[in-house]
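Each of the next two complexes has subunit A plus one more chain, namely subunit B in the first and subunit C in the second.
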Partner chain A sequence: MDSQWRPFDTYHSPFDPCPPKPKSYIVPPNQFIVFQAKGMKQFAPQEALKRGTLWPDLYSPYEAMPQGGARS
Partner chain B sequence: MWIYEKKLQYPVRVSKCDPRLAKFLIEQYGGADGELAAALRYLNQRYTIPDKVIGLLTDIGTEEFAHLEMIATMVYKLTKDATPEQLKQAGLAEHYVDHGSALFYHNAAGNPWTATYIQAKGDPIADLYEDIAAEEKARATYEHIINLTDDVDIQDSLKFLREREIVHALRFREAVEMLKEYQTEKKAF
Partner chain C sequence: MTTPQVPKEYYRYLHELQAMDFVCLELSLYLDTHPDDQQAIAQFNQFQRRKQVLSQQFEANFGPLKEYGNSPIGHRWTWSVGPWPWQV
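Coming up: the complex of A and B.
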């Protein structure tokens, strides 16, 4: 799992009707950069246009969940 | 479940006959950033948030109901002895037509409370940022109401409620910091 993802456990009772599903949420890098520093490493222009940011440190990849399943 | 204590969280004294102030206070009763919206928002979001911060949402959501009671007490005290004519002069004629001297969940402009005021996104970070924003907006609203009255007793209660918004906002910020950390430690030392 990508380092931006935070898996977490929830209580699952023996009486719960469905089998437990793994749960997680994403913490994008903007949460750690309160004020952007000067001179941060940059993507090449073409790469930056494709990714939506010039800075690798701010890039947050997001893949769709597998159909019918949860992120593991 | 809840246990009810039959007293207010902080005393409410109203020393000036000013039904018009009730019209302003109702914003914190049934407005977008009011105590009802806050309580319902937190107590609903808590089901899908990681275990670490469920207790925080339960505690703050419960306290918001205690604040709701304080606001209700202020509004009730300000309007219970007002004549229809006095309510009319206070801009509360429309309220009187529909609700008599009862309280109702609407904002200062008379718009009824709606669930569209609140959100549960199911994303812990997004939900907590909404909560922080809600607390800061409620703080600003209390400041506006304090500015609109010279009743020092009601100002005292409102200053207490304003301070609680400040503390709650900090607690939610702390919760964000906790969620930024890895939840299930797999580090080897």
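Coming up: the complex of A and C.
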């Protein structure tokens, strides 16, 4: 699964008729970089426009939660 | 007045301008928190100049980019003629 997604398990009550829904949360790279260092490597302009950021280290596709979620 | 079909360069210019805009945006956000980063300032100046040249070239060929006197308009008032933003 994409490294930025982390599954977690929620309590599933025995009286809950529905199957437990797989859950996970995203931890994008900007959670790990508190203060951006100088001289970080950069994308080319066209690539940066496509990716949505100039800095590869801060790039996250922010995809929707993968269906597998916690149970994959 | 029918909207003239624009050549391919029109879109190439716009795409390049968008890339330049985006880099300037990212660098200005970066420079907000790193005002003394000379390397980033040099890069910003480089992209700002490139963006200026590109927009001047675009405006020479396809008419003004910005309204209200922010762009030269030449000899004819073509603001209402060019492809509208949603038609581009």
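One rule holds in what follows: the second predicted complex is superposed on the first by the 63 of 72 C-alpha atoms of A that agree within 3 Å, B and C clash if a C-alpha of one lies under 4 Å from a C-alpha of the other, contacts with A are read in each partner's own complex, and residues count from 1 in each chain.
Heads up, the rule we're going with is that contacts are C-beta pairs under 8 Å (C-beta built on N, C-alpha and C of every residue); 3 or more make two chains touch, one makes a residue touch a chain.
Remember, it's a predicted structure, so these values are computed and weren't measured experimentally.
Visitor: Does the superposition put A:48 against subunit B (first), subunit C (second), both, or neither?
Guide: second
Visitor: Please work out whether A:35 is in contact with subunit B alone, subunit C alone, both, or neither, and reply first, second, both or neither.
Guide: second
Visitor: Once the structures are superposed on A, label A:7 by its partner contacts, choosing first (subunit B), second (subunit C), both or neither.
Guide: It touches subunit B, and subunit C stays clear.
Visitor: Name, in rising order, each residue of subunit B that touches subunit A in their complex.
Guide: Residues of subunit B touching subunit A: 50-51, 123-125, 176, 179-184.
Visitor: Of all residues in subunit C, which touch subunit A in the complex?
Guide: Per the stated touch rule, the residues are 15, 18-20, 22-23, 26-27, 30, 33-34, 37, 39-40, 47.
Visitor: Can you name the residues of subunit A that touch subunit C in the complex?
Guide: 35-36, 38-39, 45-46, 48-49, 53-55
Visitor: Per the contact definition, I'd like the list of subunit A residues that touch subunit B in the complex.
Guide: 6-11, 25-27, 31-32
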